[in-house]
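Just passing along the structure, written as C-alpha cells.
Naming follows writing order (A, B, C, D, E, F, G and H), and every chain is counted from residue 1.
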Amino acid sequence: MDKEKIKKILKDVKGGKLQVENALKKFRDFPYDDIGFTKIDSHRGLRCGFPEVIFCRGKSLSQIAAIAKEMRAVRPFLATRADKKVYQTIKKIIPEALFYETARIVAAVDRKRKLSRKSILVITAGTADIPVAEEAAVTSEIMGNKTERLYDVGVAGVHRLLDNKEKIFQSNVIIVVAGMEGALPSVVGGITAQPVIAVPTSIGYGASFKGVAALLAMLNSCAPGVTVVNIDNGFGAGYFAGLINK
Amino acid sequence: MDKEKIKKILKDVKGGKLQVENALKKFRDFPYDDIGFTKIDSHRGLRCGFPEVIFCRGKSLSQIAAIAKEMRAVRPFLATRADKKVYQTIKKIIPEALFYETARIVAAVDRKRKLSRKSILVITAGTADIPVAEEAAVTSEIMGNKTERLYDVGVAGVHRLLDNKEKIFQSNVIIVVAGMEGALPSVVGGITAQPVIAVPTSIGYGASFKGVAALLAMLNSCAPGVTVVNIDNGFGAGYFAGLINK
Amino acid sequence: MDKEKIKKILKDVKGGKLQVENALKKFRDFPYDDIGFTKIDSHRGLRCGFPEVIFCRGKSLSQIAAIAKEMRAVRPFLATRADKKVYQTIKKIIPEALFYETARIVAAVDRKRKLSRKSILVITAGTADIPVAEEAAVTSEIMGNKTERLYDVGVAGVHRLLDNKEKIFQSNVIIVVAGMEGALPSVVGGITAQPVIAVPTSIGYGASFKGVAALLAMLNSCAPGVTVVNIDNGFGAGYFAGLINK
Amino acid sequence: MDKEKIKKILKDVKGGKLQVENALKKFRDFPYDDIGFTKIDSHRGLRCGFPEVIFCRGKSLSQIAAIAKEMRAVRPFLATRADKKVYQTIKKIIPEALFYETARIVAAVDRKRKLSRKSILVITAGTADIPVAEEAAVTSEIMGNKTERLYDVGVAGVHRLLDNKEKIFQSNVIIVVAGMEGALPSVVGGITAQPVIAVPTSIGYGASFKGVAALLAMLNSCAPGVTVVNIDNGFGAGYFAGLINK
Amino acid sequence: MDKEKIKKILKDVKGGKLQVENALKKFRDFPYDDIGFTKIDSHRGLRCGFPEVIFCRGKSLSQIAAIAKEMRAVRPFLATRADKKVYQTIKKIIPEALFYETARIVAAVDRKRKLSRKSILVITAGTADIPVAEEAAVTSEIMGNKTERLYDVGVAGVHRLLDNKEKIFQSNVIIVVAGMEGALPSVVGGITAQPVIAVPTSIGYGASFKGVAALLAMLNSCAPGVTVVNIDNGFGAGYFAGLINK
Amino acid sequence: MDKEKIKKILKDVKGGKLQVENALKKFRDFPYDDIGFTKIDSHRGLRCGFPEVIFCRGKSLSQIAAIAKEMRAVRPFLATRADKKVYQTIKKIIPEALFYETARIVAAVDRKRKLSRKSILVITAGTADIPVAEEAAVTSEIMGNKTERLYDVGVAGVHRLLDNKEKIFQSNVIIVVAGMEGALPSVVGGITAQPVIAVPTSIGYGASFKGVAALLAMLNSCAPGVTVVNIDNGFGAGYFAGLINK
Amino acid sequence: MDKEKIKKILKDVKGGKLQVENALKKFRDFPYDDIGFTKIDSHRGLRCGFPEVIFCRGKSLSQIAAIAKEMRAVRPFLATRADKKVYQTIKKIIPEALFYETARIVAAVDRKRKLSRKSILVITAGTADIPVAEEAAVTSEIMGNKTERLYDVGVAGVHRLLDNKEKIFQSNVIIVVAGMEGALPSVVGGITAQPVIAVPTSIGYGASFKGVAALLAMLNSCAPGVTVVNIDNGFGAGYFAGLINK
Amino acid sequence: MDKEKIKKILKDVKGGKLQVENALKKFRDFPYDDIGFTKIDSHRGLRCGFPEVIFCRGKSLSQIAAIAKEMRAVRPFLATRADKKVYQTIKKIIPEALFYETARIVAAVDRKRKLSRKSILVITAGTADIPVAEEAAVTSEIMGNKTERLYDVGVAGVHRLLDNKEKIFQSNVIIVVAGMEGALPSVVGGITAQPVIAVPTSIGYGASFKGVAALLAMLNSCAPGVTVVNIDNGFGAGYFAGLINK
C-alpha cells in the first residue's frame, strides 16, 4: 500500500533484520484502530488530508464517547450533527472542545494552526438555510480556512446579492446554500469565475419534497461552474471547499 | 342553467305559448354540436370568453378536418400542436388560416379585432425554449393582446435580464418560459409587481427529467407573484395571460 | 437600478454637490435593512406592489420578533404560518395586529385602506381544505380585495357548485382549493371566463401522496384558464389573485 | 381441486374400477394444454366464467398462430392489442374472426349468444380516449353485454355530461375512460348509484407522466363508488364490468 | 335536475299555482343543507343509493358534532376513520350509534333493514391487514350485505387459501386486502369468476413505500377480473362491493 | 398436496378403512391452526425447512401472546422486530426465550442443535448499520449456522476491507449490509467467489431517501454474484443465507 | 493480494534471487490486461470462480472483437445481450462459439466440462418473460449446471404451478422470472425450501413502469427465502444460482 | 456592474466630458450581443474566466452557424454535444476548429496557450462511460489543463484501481465517471486528498433509471471530498475541474 514502507520491509528481510513470517504480518498492520463496533480510520489524516470525522446521528452517546476517547489527541477533532448532550459527553473527554450550536458541531482545533490567506464564502438564500450554512462555515474554519458569510440574499430580491459582488469577487471558493427552488447557485455561478459548491436544503414545503426540488434545480444549473452535494450536507460542502482552498 | 332563458321559458309556459312537454325539451337544448366522435362545445365562446381550441396531437387529419368544418365560421379559430399537414388540411376548409411554424399553431382571426392597449411580455431563459414561448405569444396575439418578446435572458447571465427592466415594467402580465433549473420566474417575480405565469419546458437532460426539475423549481418559487402551468404548455400560459389582460 | 435615482446622483456629481467617492457609495445604498441573520427587503413594497411577508415556519420567536420590530411601521403587515405564540410575540410589538386562527395569519392593515370593487372568490372542494382557503382569503383581504367564500362544493356532488353559478359569475378572479383528486378547478374553469388559480392541498391519504395527486391533476387540467401554485400555498394564491385584481 | 371429480375418483377406487397408482395420476390431470412455450388455461372458462384471452403485445405472429390453433373452437375467442397482421394471422385459422380496428381487438363469438338485458355504458372525457374506450366496449359486447357509448363529455364542459343523465341512469354499470387530470369518474360517481370503473389513459403530456396523473386522481376520487384499473387497460374494465353485469 | 320535479313546477306555473319569480327560486332549492363550513349532500341517498358518509380524519370534534346533528335521522348513518372520542361525541347525538373499534367506524342502522341473500367475502393476506378489512366488512354490513370474512391466507402459504375455495365460490363479490407485495388478488382472481376488488394496505416497510408496492402489483394484476381502490381504502371497497351486490 | 398422504388415504379408502365422505374431509385437513385473527402455518417447517416466524411490528401484545402460545413447542422459535415488551410477553409463555436487543429478536432454540461447519459472514459498511446486520446474524445463528461478523469496513477506507480478505475467503456465504451509497456489496462481490446477499439500510439522509439510494446501487451492482433483499431486511438476508448454507 | 505469492517474493528476496527493486515491481504485476479502452480482468476466473463476461450493449463491434481476441482462450467464454452481428464478429475469432438467440448470448464452453448433479430450475410467469429466463438458463448451463425449465405458470392460473410441484422439489436452486405484478416468487417461495432468486422483467404496460411494479413486489415478498436482482437481469440470476449450486 | 467603469463615467461626467443623458445610456451598454433569437454573453470570458460555450443539442444548424459567426474570434471556442454535421457547419466559419468525435466536441484553441503544470485526472468505471469522460477530458484540455486518463477501473475489480494509486496521487483534481451503481467516486475519495468531482452516467438498465441510481449513490457518498454534477454532464465536470486547477 505504501511504497516506502514496503521497500523498508523488503530491505529488512534482505538484511536479515526481519523474518519472512514477521514480514508477512507487517502487511497486516493496516492503519486503523479496531474498537469492536467501529474501526477508526486513524490513517485518514495522512491519506486524505483531514482526520476522520464523527457523524453523530444514529450513534449512541456511549459509542460517541468511545470513539472520542480513541481520537482525543487528534487535531482538528470534528463531530457533526451534534446536540447539547453530545457536547457534554465529548467535553468530559476533550475539555477544550467547543460547541457551535447553530452548526450542530463539536470541535477542537490545534491552537497554533494558521488560517488560509484566501477565503471561502458561504452564501444563503434565506434565514432558514443558516444552520446548514453554519455547518459548512464552521467545518471550513476548523479546517483552517478564512471563512466569510453572506446570508439571506435569495433570488426574490436579487439586488441584495448584486450589492455584495465585491465580497463574492474577493473569495476563492463559494458555497451557496438554498432550499425551495434552489435558484441561487445558478445566479452566483453566472456572475463570477470562482467554483461554486451548491448545497440544497430541506427548507420548503409541498412540492419541495424535503429538498428534492432544490437538488434537481442545482444539478440542472445552466451556469457551468457549479457542483452539488447531498441535501443539507453542509459538512460535505465545507470539507470539499477546504480541499480546493489548500 | 341560464337564468334569463329559464325565465323566458317559464313566462312562455305561463302565457300558454309553450306546452309543458315542449318546455321540458328546451332544458335539453344544451349548446353543443354532436358530430359523433366529438362534441364541439360551441357555447364556450359565450361561457368562457374564448371559443373551443383544437389540440391536434392524437387526432387524425380526418378528425381535425371534421372539427374544422363545424367551426369554420368561429373567430378566432385556433389549432395548437399543429404541423404542416394539419395546416394544409385546415387551409382547404378555412383559406385565410395562417401557419405559425415555430409556435406549431394554425389560426384565423377576425380582421376587425383590435389589439389591447396593455401588453403581455413573453420571456425565455434560453434559445431552445423559444417554440414553447411562441405558442404562448401567438395564442396571446390571437386573443387580441399586444404581445412583446424578450428571449434568451436566463439566470446564468442575469445582467441580460436586468438590462431589460423597462420592458418588464411596461408590460401588464408576464409569461416566463424556462427549462433546466427553471430559476428565471423567481428572479423576474422578485423585481416586478406584475403577475408572472411560469412555463416549465422539457429542455434539459439527465436529472431535468423532461421538465420536472423546472416544474418543481417554479412551484417552489420564493417570489410570491408566480403561478405555474404544465410542462411545455405555452398555450395555457398565453390563454391565462389573455384572461387577465382583458 | 433606479433610473431617476441614478440621474439625480449624476446631476449632483455634475453640479459638484456630490464627490465621486461618495457618489460611488450611493450605488451601494441598496434598499434593504441588514439586521444580521436576515436582510429585510424594505424596497419590495415599491418594487413589487406589496411589502415583504414573514413566512414564520422555521423561524424562531426571537427572529420573528426582530423582523417585526424592523417592519413595525409597514402596512399591510403580514405574517403567515403563524400560531398563537407567534401572535403573542408580534402583538407586543404591533398591538393592533390581529390573529386569523384558521388561516394561521397575523396581520395589521392600514385602517384607511379601501376594498376593491371587484371581488375575489375562494372555493373549496371539502371542509378539510378550509385552512388553506382561509390563508388565501385573508391574504386577499389584507391586500385590499373584496373577498367571497364558497366552501365544500366538491365534484362528488357537482350540483352544489352549479347551484352557485351566479356567485362565480360575479367574481373577478377565482381561487379553487382542493385535495384528493383535485378535479374542482377543471370543472370551475369549464363554466366561467374568470382566471382560475388552483391550490392543491395535502388533504387525502394513500396515493394522494400529500397533495401530489391533486397537484398533478391541476397541472393537467383540460380547462385552459387554470394555473397552479404549490401544495397548501394559500398565501401564494391569494397574493397572485390580488396582483390580478388590481 | 374439484370436489365432484375427487369424489368420483374416490368412488372408483373404492369400487375397484381404478387402481391406486392410476388414481394418483388423475390428480395430475390438470386442465391445461402444454404447447411448449405456453400453457393454455383451457379450464378458465369453467373456473372464471370466460375463456383465456390472448394479449398479443410481446408475442410473435407464430406464437399467436399456435395459440389460436389450440383455441380455435373456443367461443368467445378474444385477442387484444392486435394489429392488422395479427388479424390476418388469426383469420387463416378462425375464418369468422372479426377485426375491431379502433379497439385493436380480434374476436369470434358464438352466433347464438344473446345480449344481456341490462347495459354497460362506456364514457370518455375526450376524443383521444376513444381507442381505450373501444377496447372496453368491444370486450363488453363480446362477453354478451348490451353496450352503450357516450364519448367526449369531459369536465371542461360539464353540461355535455349532465345533458346525458338519462343515458347514465339507464345503464347498469359504467366505465369512465379519461386521461389528463382524470376528473370525470368522480363527477359521474357523484351523480349516480351505478358502480363506476375508472380507466386512466396515457393521453396528456408533461406532468401527466403517461397517465400517472389520471391514475392518481381516480384512486383518490372523492366519490365512493369508483374503482380503478391499470392505465389504458380497456380490456380489464370491460371484463370486470361484464362480471358485474351477469 | 329532477325531471318530475321540473314537470311539477312547470304545471304549477301553467296552472297559476306558482308565480314565475317563485318558480325561479325553486330551481335554487338544491337538495343540500348549508351549515356554514360544510354543505351536507342530503340528496345523495336518492341520487347515489346511499346517504353521505362522514370521513372523520381532518375534521374537529365540533365539526363532526354539527354534521351529526344535521344527519341524526339519516339511516344508515356512517362515520369512518373514527376514534373513541369521535364515538363519544356522536353517541351524545345519536344514542343508538355503535363503535366498531377495529374498523374505526361509528354507525347507526335502520333496525328493520334486511340483509342481502348473496354475500360479500372479505379476504386478507395477513393479520396486520385486518383493520382495513374490517372497515370494508363493516361498511358492507351497514349497507345491508351479508358479509363473510377469511383472514390471514396470504400467498406465502397458498394452501390456506386453496383450502377455503368453497367459501370463495359461495360469495357474490370478493374484496381482497393485502400489503407488502400485494399478490393475493391475482391468485384469487385466477381461481374464481366473482369480481375481485383489491385493497392495497400500507402494511410493509422499506421498498413497500407505505403501500405503493402493493398498489402497483394490484394495478398490474395478470388476472383480469380485478379492480383497485386507494391504499387503505377499506370503506371504498366495501361501498363499491355493496353497489354491485344490490 | 402431499403425495404419500394422498396415497395413504386412497389405500385406506380401497381397504374400506375410510369412508368416501370422510376421505373427502381429509383433503380439507390442511396443516395450519386457525386461531381466529391468524392462521399459523404449522406445516411450514416441513415444507420450507424452517418454522413460521413472527414479524412483531403491527401486531398487538395480545396477538403475539396468542401466536406464541400456539407455537410454544416449535423450535427454533423466532420473533423479529421485537422490543422489550414483546420479550417480556413471550418470556411468560416460553421461559427459555432470549432477547437479542441490538438485533430486536426474541428466540428459543433446540439446545441439542449443532452449528454448521461452513460459516456465514455478515459485513457492514458503518456502525449505524449494525442493528440490521445483527438481525441477519442472529437469524443465521438461530437457524444453526456458524456466523462471523466484520463491521465498519465501508468503501471510504477500503483498506479496512482488504485487510480482512482471509476472513472473507473462509466464509461460505456473505451478507453485506450498507446504507448511504450502498457500494460495499459490489466491492466484496468483486474480490470473492462466494454468493453475496446485499441488504440496503435506511441509514443516510437527504437524497438517500430512507435506503432507496443504497437499494438502487445494489440492484445495479457491476459485480455479478450479488442479489438484494428489501431495505433493512436483515432477517430475510439471514434466512436466505441459511437456505444456501445447508 | 495473494499470500503465497507475497511469501514467494519475500523468500526470493531473502535468498538473494530477487533484487529489492525488482521485488517492488512484482507488486505491480496486477493480473489484468490493459488494451487501452478496457482493462480485462484476467484474474477474475481465479478470484471469483468464473471468468469476466462481456456485456455487449453499449460496446461497438470493434471493441467486442478486441476483447474477444484477448479472451479467445478463456473457457467458458460468455457474451450477453448479443445480437446476430455480435455473434458473427465473435465467430470469426472463436469459431466454436454458439449463438443462443432467444437468450441473446454468444458462448463457448470447454467440451470436457461435466454438468452438476443438482439442478437449477428456471420458472416464468408468462410467455413474454422467456427471453430473460433463457438468459438465466443458458448462463446457468454455460457455468456447468444441470438446468430445468418450467414456463408460463403464472399466478392467474395457480394450478399450473401446483401441478409441477415435483419438478420444483427436485431442484436445488430456483430462479423465478416474472413481469406485471411479480407475484410468482412469493408463491414459489411459500411452497418450497429451496432458495428462490426473483427476476423482475419489464413485461407489462402502464403502471408496471417497465418492471418497477414487479421489482417492488419481489422486494416485499412475504415469503422469506427470496432475493432479487435487477429488472431483466437474467444473467445475474443465472450466475448467482451457479455460485450457490457449486 | 464594474466599479472602475462606473468611476470613469462619474469622472467624465464631473469633468464635463460626458453629458448626463449619455452617461445614463452607458449604464445600458451591457456586454452582450443581441442577434435576435439569442443573446451572446460576450462578457462571460472576463466575468467567469471562460467564454460562453455552445450547447448544440436542441439548436438548429443555422442557429449554430449564426452563433459561431458572432464568436468566430473568441478563443478558446467550444461547442459540446456536437455531431459530424455540426462540425462541418462550424468548420466553414472557423477553419481551424477540430472535431473530438468520442467527446462530441468541436473546439478551436489559442495556439499559444500553455498547459497547466498540475494535472486533472479523469477516471471511468467502465468502457461505456468513456464518451462522457472524454467530454470532461477534452473540455479540461481546451481550458488549458494537463489532463490524464484512467479508464475501466470499476469496483468489480478494485485491484485495477489500487494498482494506479500513483497516477491518482500525482493529480491535482480528479473526475470520476461511472454509471450503474456509481460506487467508484466513494472508493477514490477514500484513498486520496484530492477533490473528486463525480459524474453519473446513464449507462445501465432496469433499476438504473438512466443514471438516477448512480446519481443518488454519488450524492450519498460516505467519502466527504466528493461533489456531483448532472447525469452525463462531462462538460460541467471538466469545466469545474478547470476552475479549481487554475
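Note that a contact is a pair of C-beta atoms (placed from the backbone, for glycine too) under 8 Å apart; a residue touches a chain by one contact, two chains touch by 3 or more.
Since this is a predicted model, take the numbers as computed values, not measurements.
Trainee: Starting from the defined contact criterion, work out which chains touch chain C and chain F both, please.
Mentor: Looking at chain F and chain C together, the chains touching each of them are A, D, E, H.
Trainee: Could you see whether A-H or B-E has the larger number of C-beta contact pairs?
Mentor: Most C-beta pairs in contact, of the two: A-H.
Trainee: Name the chain whose C-alpha centroid is farthest from the C-alpha centroid of chain G.
Mentor: Of all the other chains, the one whose centre lies farthest from chain G is C.
Trainee: If contact pairs are compared by residue number, which of F-H, E-F or D-F agrees with A-B in over half of them?
Mentor: The A-B interface is reproduced by F-H.
Trainee: How many angstrom lie between the CA centroids of chain C and chain E, rounded to a whole number?
Mentor: Once rounded, the distance between the two centres reads 38 Å.
Trainee: Suppose each chain is reduced to the average of its Cα coordinates; what separation in Å results between chain A and chain D?
Mentor: Distance between chain centres: 59 Å.
Trainee: Report the inter-centroid distance (CA atoms only) between chain B and chain C in whole Å.
Mentor: 25
Trainee: Chain B: which residues touch two or more other chains?
Mentor: Counting only residues that touch two or more other chains, chain B contributes 1, 3, 156-157, 159, 162, 189-191, 206-208, 212, 215, 219-220, 223-224, 230-231.
Trainee: Please list, in label order, each pair of chains that touches.
Mentor: The set of touching chain pairs is A-B, A-C, A-F, A-G, A-H, B-C, B-D, B-E, B-H, C-D, C-E, C-H, D-E, D-F, D-G, E-F, E-G, F-G, F-H, G-H.
Trainee: If we count contacts the way the header does, which residues on chain D are in touch with chain F in the complex?
Mentor: 3, 6-7, 10-11, 13-14, 16, 20, 23-24, 27
Trainee: Inside the complex, what are the residues of chain F that reach chain G?
Mentor: 3, 47-50, 53, 166, 189-195, 197, 215, 219-220, 223-231, 235-237, 239-240, 243-244
Trainee: Which bits of chain H are touching chain G when the two form their complex?
Mentor: Counting only chain H, the residues touching chain G are 127-128, 130, 151-153, 156-157, 159-160, 163, 203, 205-208.
Trainee: Report the residues of chain C in contact with chain D in the complex, numbered from low to high.
Mentor: 125-126, 154-159, 162, 180-183, 186-187, 189-191, 204, 206-209, 212-214, 216-224
Trainee: Chain A touches which residues of chain C in the complex?
Mentor: Against chain A, chain C makes touches at 1, 28, 30-32, 37-39, 41, 43-44, 57-59, 63, 200, 202, 210-212, 215, 230-233.
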